[in-house]
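Data block below; observations after.
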Amino acid sequence: MIIDTLTSPVILFFVLGFVAALLKSDLTIPEAFAKAMSIYLMAAIGLKGGVEVASSGITPDLIAAAMAGLALSFLLPFIAFALLTQFGKLSKIDAGAVAAHYGSVSVVTFVTAKEILTGQGLGPAGYMVAVLALMETPAIITGLMLARRGAKADNGNGGTPWHEVLTNASVMLLVGAFIIGMVAGKDGFAPVKPLFDTGFRGVLCLFLLDMGLIAARRLIQSRKITVRLVTLAIALPLINGAIGTALGTFIGLDAASAAALGILAASASYIAVPAAMRLALPEADPGIYLSMSLGITFPFNIIFGISLFAALAQAIG
Amino acid sequence: MFQTVTRKRIEILVDTPLAPRIIAKIKAVDISGWSLIHVDSGGGRAGEWQHDDVTGAAAKTIILAIASDTKANALVGELAPVLDSYRLLLTIGDVQVVRGERF
Amino acid sequence: MIIDTLTSPVILFFVLGFVAALLKSDLTIPEAFAKAMSIYLMAAIGLKGGVEVASSGITPDLIAAAMAGLALSFLLPFIAFALLTQFGKLSKIDAGAVAAHYGSVSVVTFVTAKEILTGQGLGPAGYMVAVLALMETPAIITGLMLARRGAKADNGNGGTPWHEVLTNASVMLLVGAFIIGMVAGKDGFAPVKPLFDTGFRGVLCLFLLDMGLIAARRLIQSRKITVRLVTLAIALPLINGAIGTALGTFIGLDAASAAALGILAASASYIAVPAAMRLALPEADPGIYLSMSLGITFPFNIIFGISLFAALAQAIG
Amino acid sequence: MFQTVTRKRIEILVDTPLAPRIIAKIKAVDISGWSLIHVDSGGGRAGEWQHDDVTGAAAKTIILAIASDTKANALVGELAPVLDSYRLLLTIGDVQVVRGERF
Amino acid sequence: MIIDTLTSPVILFFVLGFVAALLKSDLTIPEAFAKAMSIYLMAAIGLKGGVEVASSGITPDLIAAAMAGLALSFLLPFIAFALLTQFGKLSKIDAGAVAAHYGSVSVVTFVTAKEILTGQGLGPAGYMVAVLALMETPAIITGLMLARRGAKADNGNGGTPWHEVLTNASVMLLVGAFIIGMVAGKDGFAPVKPLFDTGFRGVLCLFLLDMGLIAARRLIQSRKITVRLVTLAIALPLINGAIGTALGTFIGLDAASAAALGILAASASYIAVPAAMRLALPEADPGIYLSMSLGITFPFNIIFGISLFAALAQAIG
Amino acid sequence: MFQTVTRKRIEILVDTPLAPRIIAKIKAVDISGWSLIHVDSGGGRAGEWQHDDVTGAAAKTIILAIASDTKANALVGELAPVLDSYRLLLTIGDVQVVRGERF
């Protein structure tokens, strides 16, 4: 299965980007184009999820998966925080900020997993997109709480930036497109399907090319990463992913959806959470959380994690 | 013919997500306006970075504001407590402006 | 019919953008991507119009519609100017600038109307694209003339910026692509059809998402808009649209094309005309004309106007 | 070793559609060059704005020109009549340059 | 055949851009979008070439074409250099820099030729993409050598920027996508085919629109171009293209591939080589080499060269 | 309350492909950081240009660095030999900064 994964153009473009950046090539994807692709991917994934839920309806599985996702996002940061302070030697503020990233999710990791799994006949349920959206923010609350328990006076910047967190671009777009998909249904979706469905995988290739460049450059340019933090950036997705896959299996999801829940748990945010942390915990060092989530955990999940949790879900399912 | 007066040119390099907070402080001290300029990349003691819009948290912006001496001082006072935690780069220079009564 | 319109993904994405901006979400579409989409839309609409005219030939209907469009663009600013100075209390300069916007047209409103109408089996004739292109500039001339009749010495900036008006980007692109479509014909168009036709509706969704954001932000940020101007920004499309639809029906266009002429008359420019006004009438306040045309009239037309003039055309047709 | 001389650093914030007119005036007073920098967003007495390329009329640009004192004054003279109607923001500062004979 | 070429939308969009820029229209394509399109085109052409070679295997023809391409890229700069110094009156440094451009290749010229020829049933072999990639860099080495033979002390900037040349963006992308295409094969390519194949021609239209604008603007704004240099910017593609076509025929390539080799030889780089020259020969004037390769040779090849070398290959084949 | 000191604001307009070489020199003289700003277009004795990303060789960038007087001088010394061949535009102005010990 990992061989199938590693010969997929989607993954190979990621590897190409990663290698190009390690070779210090001047290859870059214009940022406006990269952001455009991420908007496209979120709109497409939201729409398709909504269309699927419109035809399947709100099932007990959907509700169970949603509750499980919320619980994971709220609770996984506790494990991460403990490991980051004890083993990782981070301050409470930095540990809380990093923990929030690992409780939250990476949209691109999910999208890539969905494509890879679907290509192997193991497509997760449409409602997992709703679970994805639900998992983005709770971890921010836990992470901030953990960070602040031990924080000195926060210079008056503090307070959870509720408004920014709840209206952040990726939540708005995912949830909005999901609702549009539900309202439009299969028939309404048909005329826009050529753009949002047929072209999807190709765009994902180019986007992962850019993510490979970004991940590797962050890894190279970072000066804040210790061996202990590298270890945790690999251990945390393994732990969280195993918990997520097991929980998904336990609540009765099909193997594909359980794997998807595992991958969501394993993934770490690098869009919504960094922006929130920069606002709510400006003292926390962005060099640490971006290097861990984007530089190490993201590539790890793309290349190994997806296959791993798929295999696990099939083994215990 | 035309009259120029001396004003302060304030340049603040800030992480893009924090820019609205700085703008709020600019408004608080009643400076008449501001302009934002995109920064592509840079380097400092914390390493090098390139702007990527994917995770906007790593983007930086220059906030440019022209203000009178008094207002510039007031702004520096407002910014003082967050200078370190926000990792701001703040410079103030002298410039001549026409229609100086606006600033 | 308005229900059909309001469940179309195209319109729902516009609403999503509008709502996101009202909620002060940080969702933004990179401007380079937005401009790229507008270039794509203009090239596609021009090409398709040209291909259609290549097969239908230059018919009396085409000529009648073209004359009607030219007349509307030249004359509608007079009505607008009277209302803007009398009821709207604008200075002559500002009123002339605004009037030019309402005589000219919005490409995106037309494109959206064409998609919505075609989806309802009411597709306007291909030559309406040529009418669209013809209606862009005459209103600028009338608007400038009206503004200057009462203007004080214009600081030596003045003079109609003929060159900029005639070579402005959207005219060049629409007319150029129209001619290319005519030269290439149906066979020449076939190889590029997948990009310019199949993907069209999906791109329009993402573009209207951005237009929703832009329109709402302009509405929020404006400080120049009075209740009287809001009223006119809704009354003018109603008046102009009714005149346009009636004229289209009168000269014998089919209902769909008459509706399209109505929508062109109702729409207000926010690309070509603002750029021309900034050059020719720098003293006019861009806050006024952009807020009216982009912040109010554009959303009004997208959500209500299109259905309204379609219904009117069918009723009187 | 190397010689620096004092020149004027002129910064003009202008609506992008009007930039060619300002550049024409820069050429008219024989300033040797100019550079344009994109402004992302800003705010002033007329409200706030973001750059959007859809209706380019709301975009703003900074025109940067290095010039001698005399030429800078000549430029200000040229711009004086349109300062208000174009809503220009014009600042002039002192900088040291090498190879000063070029300006 | 030239008529077929001149009614293809691909070429007509180029002409539209060229004319718009000559008319000093404000039409511009956002640079991020243009760069995105060039990345897309290179990834697509690389992928498709790789997929084709994956099914055809490494044939003697492929090897012969590769050797011929390498030889042309190394040797053509000598002819160019001689003409540029003697007839063109350029300094050795400028002549070396320009010569490197003419030995190397233009990806877009090749892509356009491939589309035009394929549309006329004359599609070159898939391995020509590999030849394209191989021809990008050798000319840089020859050009630098020629420039430096007569150079004064080079201010300590000098040395061939090997690293930049070998990891330059377009080489990385072309070669990387080619390898991905070979690894993925026809089956792996299928899911991404809608984006990279179906949409290809349409994107090429919009990209050539931009290239038309860029080429004409460079022509207008240049102050460095003499009549002699204009002559050479037309003579060099004729000479190099004839040599390339003849060599391709001589080594036994099919007419389409021989024409493609001719077009590669005729084309002049305006991406990889200018960047390398700016680094390695900062004293060389970029105004000269960009105006010649981008402002004259590129349009000449797009409009005349492609048909010319195709006709030549068929005549002597 | 807060302390400002005078530092040099160095602005270097350079062809984008050459920017890494200038940054290397900035590091060589131990200046603590730099920021890159995109230039859209411009004009000078060699004609006018617009930024186009297609052939990046024609792009230009402003490198902004804040440094002490000594380091600024050292940088000018480093740049002197390439000022002409790289066609650099180099300006140095005075600015006030807070937390001046960083520069």
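Think of it as A, B, C, D, E and F in the order they're written, each chain with its own count starting at 1.
By our rule, a residue touches a chain if its C-beta (ideal position, glycine included) is under 8 Å from a C-beta of that chain, and two chains touch if they have at least 3 such contacts.
Quick caveat, the model's predicted, so the values are computed rather than measured.
Contact with both subunit A and subunit E is made by C. The greatest centre-to-centre distance from subunit E, using averaged C-alpha positions, is reached by B. Distance from the centre of subunit A peaks at D, each centre being the average of the chain's Cα atoms.
The centroid of the Cα atoms in subunit A and the matching centroid in subunit F are 38 Å apart.
Measuring from the averaged C-alpha position of subunit C to that of subunit D gives a distance of 34 Å. Counting only residues that touch two or more partner chains, subunit A has 28, 30-33, 35-36, 198-199, 275. Counting partner chains per residue, subunit B shows two or more touched chains at residues 37-38, 53, 93-94.
Note for the complex: subunit B touches subunit D at residues 1-2, 4, 7, 9, 23, 32-38, 61, 66, 93-99, 102. Interface of subunit B with subunit A (complex): residues 15, 17-18, 21, 46-58, 81-82, 85-86. Chain contact summary for the complex, subunit E toward subunit A: residues 30-33, 35-36, 39-40, 43, 47, 163-164, 167-169, 172-173, 176-177, 180, 183-184, 188-189, 191-196, 198-199, 275.
Residues of subunit E touching subunit F in their complex: 28, 31-32, 34-35, 38, 155-157, 210-211, 214, 217, 221-224, 270-271, 274-275, 277-279, 282-283, 285-287, 290, 294. By the touch criterion stated above, subunit D contacts subunit B in their complex at residues 11, 13, 37-45, 60, 62, 76-77, 80, 83-84, 89-94.
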